[in-house]
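A short worksheet on the structure shown next.
Order of writing sets the chain letters: A, B, C, D, E and F. Residues in each chain are counted from 1.
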């Protein structure tokens, strides 16, 4: 029934390749089916003004899509003079989600910026960015711990994300682009490795949903996130 | 236990004053406690390029805060040269929510822009904007129907919104500013008059939540939205 | 002869409602006929760089129009990325005018920002902003004096403004929008309570005027400003 | 008493050199003492959207200062990303003033853009721009008439401008920069060749003025404008 | 003598991997040592306004660097609101260079946009972009020819580029980042496969060079471009 | 054969008028035929952040064109919100070129900004800007030396520039606008007074060139620069 032939509760193939660029403190290429996102984590000693002197750390994120990551070429945001509304929403979500898995006291007064750049898009780029972003963050933190700059691990739990939606009347896991563009209801579920929820975003463009449907999607999401966390832990060894 | 002395499941006082400006086709001032939002609906014959010639209508929204709607003065977005990320997120949410209650075929090829300007803020401005925005939209549509420009009512159901959160460990309904700035978990629940969900946004800054907590907040939200819909229907009566 | 049926030297109804928002140190809603402007005054301890350390105070103003304050919806300046030329001109005028009534030594090294936001426009918004802005300023200063932060009153005289113009060949007081859009010559007259002039701006789009006509408009303006100052004093009582 | 040793009612030396660039349809370099402004008039067949098809012409103006036209180097507006408030005010004034001397029907549906670029500034640049701008406009119109593109002269009267102010307690004509920066009250007076007024802008930064003082400045301005119109007529011969 | 141990006339390892993204009509990842650039070519039916209706084609280019392609993180151009001067210079160069190898009549009235995004930078990114950009362009053109949309091959010759410079007093081929940041003189040489020159840019920051040195660099460049053209031809087979 | 009737190796008339504005520390109007550029040099005590405390000086440049310096009116960059790509390229080139003639240690920790504003354009404005810019720089430095602020002359050699190109199949010196817009190949040659090269930029829009042609253009350029340096030395005498 799904365009890809997958089962309703079947994720696309997940692969996480680490240390893909020589400059970043942490990096990975995450591939969720045909969605490929390059995630890098960059450590800086300065923190944003509003926490200066607090001793707390900060994790922030930026998101971008290469102009031809999509089926037809998109205008480059650098030429249009600003980041669009969708980009701003997504990068705020990534940052907020990753911070939910961080002990900011243990991290110390430094900032880690996670850049998520979509090389190829086929649906679910924001979820892939969160999942891959956590891997890059983990690798950067590992470097700090190895160097003795951080003593106790500030990453309290893995953070991963998956989208689910109602496609052709059925709840399905991990929407790809053909499904995403048809689904009346879709949601992004960001969770920790222990199953606790960090963020739930369900929305219906031109449709509505019931509490039962919501519950069915949450079941799928819990299932998907378990697989993603396994892949994260394997990648960060 | 709540700073305002309200019960856990008690909304603030709700008032909706209609026809508050002489120019707009529909308008109201919605007051949810000390949160006051002026909502106007403006009808235009042109539609966005992507639906030109489709025969479908469009509802969009813009959101703003007066510089001194807040406790300390905010910089005016017109002087900083762009709308901030939070503004963009909110106005996209308002538009998406209102469209979920609209039959765009019945509406005909026209656009209605709902402007939500916060005169005084005390938490929950985006939810008040959606609830008040629907009233302004309803009044503008009524004018079109009275003039015979629209034959069958395109507003399939009222759309209203309320925030709930975990405050001091307890699920509470309709967060005011002091609660909102302390709550570890908060959510916005946008629903139709028939109880169907349009959008759920739950997020935890520096915290997590369980499915049980999520369920408790949904119960509160359903209760609150019922009251809001009553107020909407009375106002547009 | 006037569209509104007013006499040539008759102002519209003036009302000034004070303390209309709970956050601002001073605030009022001024209504000059159907022109409604919300004015707030915000006290800040910092001053602009060019007077830092001088011991002098500063009064500045910002001006905005809600998108549907006008007959047809205007584009929001926050979305067009900058304040238009008209906005910039008006807010510079408001600030300059209010400063002419202030003893900046007595004020002490602090800044008061007066925000004038047009809720509903029907001609004369800049003059209403100045007149209402002075009331908001006065209330904020009163708060500072009550708290003992300022000892001697820095407001040396009320500042009020009115527009006059040549409409259908006749000098008329307090142009409303239908008159303003037809008048060949119009002017804004900003005065102090003692009748001294602060600023005179007369301009003729596609027309000219004589010194005699200028004198007639000044007579009308003096008359109108006296009424406005009475209303200001009553409001700030 | 004046820093320059001039009499109270004495203008600086005025010179107007025409046809100073080979590309513009009309051009002049106007020198009022040490204030030098290059004015060019450019004819275009298109008009702004709001008068398209009306048969009417349009005159508009732009104003700029070279970065080192001033005593200390100013930031180039092209690098700061926008024209400042003062620039916008001035170019709107120049356009409005020039239009007051134009019969837009006789002009035909075309636009003439007058660019005023300050090469060297010593006070009074906006007045010099208007006076020189009219000369450039006149020369461009002459070219259109000679070519038979316009039959009856649309320039009904010369337009010229001068500043006057209260300096050291005395009304003085044609303020130079040292006077301008000290004057408590100053005004710009834009007039036609026949003595009719087009625009009067009097303002007092941190001061006030009486109707008698206003009258004295107007007397001076009438005197100065007569001299400027003589220079304009001689230059356009 | 070179930090990398290479001979003076030795290029870094060159690899060109084609068809690396599923959406673009042509794509490659070019790796010149540790400089990795993703090049995509996107075909569009519209052309820029200035050649509309001419029957001629157009090739244009855009260039970007991922924020962590560099040793320390760069600010994302989309957030700073504009492309920097260096970016603009480079993308203009890439477009101009590629057009020099194109028969725009044979191409037909369509546009191909070549996007060059630097994944990892180690010197010579603009030259790698040109060389890889030509490969992406070639693959896109091949697709058009295969589909019969273009009949005769518009790519008259390969276009490739290499940088050379004076490092430690010696002319060297293909500067990597450590060399580039030390070289007093460096140049970019863009050539066609037949050895003809398209563009030469030699510059000396804080130094000068003689005609003899220029000649030595040209000799090296001719040698390097021959190798690059071999790699291009092998990749596009 | 040339539109102007000049010989292949003949420059246009060169004139350099110095001290043309009263405010700038150094200034000149350079006229190369009908190309007229006003160059000013402004001394500032502050340097850019990246050399603060180094004891080194900095020379930078900005470039602009008056809107009607060209045959048809150009949009003012201040109104389009940014400097175009061509402007940015040119001003970076001017700054880089001038710095190649400066001993930044001898200059001391100060900045000189050279502004080049094109009053009238007829081809070769960037070369005229460099040649005239050096004269303005020289005059500003002379003022610093006379005042004893600099002891040893930091200007090690004059810097001048000329364009050459292949026009109608022939190498020609100093392209004017009609030639420039037709030439298949053109180049800018920036040299020091001693004949050493600072920058060579040769490019072919839709054409290619051989090493022999490149050599012929260099011969012409050396010849032209000698004349320009003579004019520079005479002007700064």
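Going forward, a contact is a pair of C-beta atoms (placed from the backbone, for glycine too) under 8 Å apart; a residue touches a chain by one contact, two chains touch by 3 or more.
In this text the structure is predicted, and so the values were computed from the model without any measurement.
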**Smallest number of contact steps required from chain B to reach chain E** = 2
**Request:** Please give the intersection of the contact partners of chain A with those of chain E.
**Result:** none
**Message:** Suppose chain centres are the mean of their C-alpha atoms. Which chain sits farthest from chain C?
**Reply:** E
**Request:** Please flag the chain sitting at the greatest distance from chain B, going by CA centroids.
**Result:** F
**Complete:** Between chain B and chain F, the Cα-mean centres are separated in Å by 59
**Prompt:** Per the centroid of Cα atoms for each chain, what is the distance between chain C and chain D, given in Å?
**Reply:** 28
**Whole-Å separation of chain centres (CA-atom averages), chain A against chain C** = 51
**Prompt:** Which residues belonging to chain E are in contact with no fewer than two other chains?
**Reply:** 82
**Asked** Taking touching chains as linked, do they make an open path (line), a single closed cycle (ring), a hub with spokes (star), an all-linked set (complete), or other?
**Response** ring
**Fill in**
Ring order from chain C through chain D is C, D, F, E, A, B
**Complete:** Given the complex, residues on chain B that touch chain A span 82, 85, 88-89, 92, 96, 99-100, 104, 187, 192, 196-211, 214, 218
**Complete:** In the complex, chain A touches chain E at residues 21-24, 27, 34, 38, 40, 42, 44, 62, 64, 66-73, 76-79, 81-83, 87, 113, 115, 117, 119-121
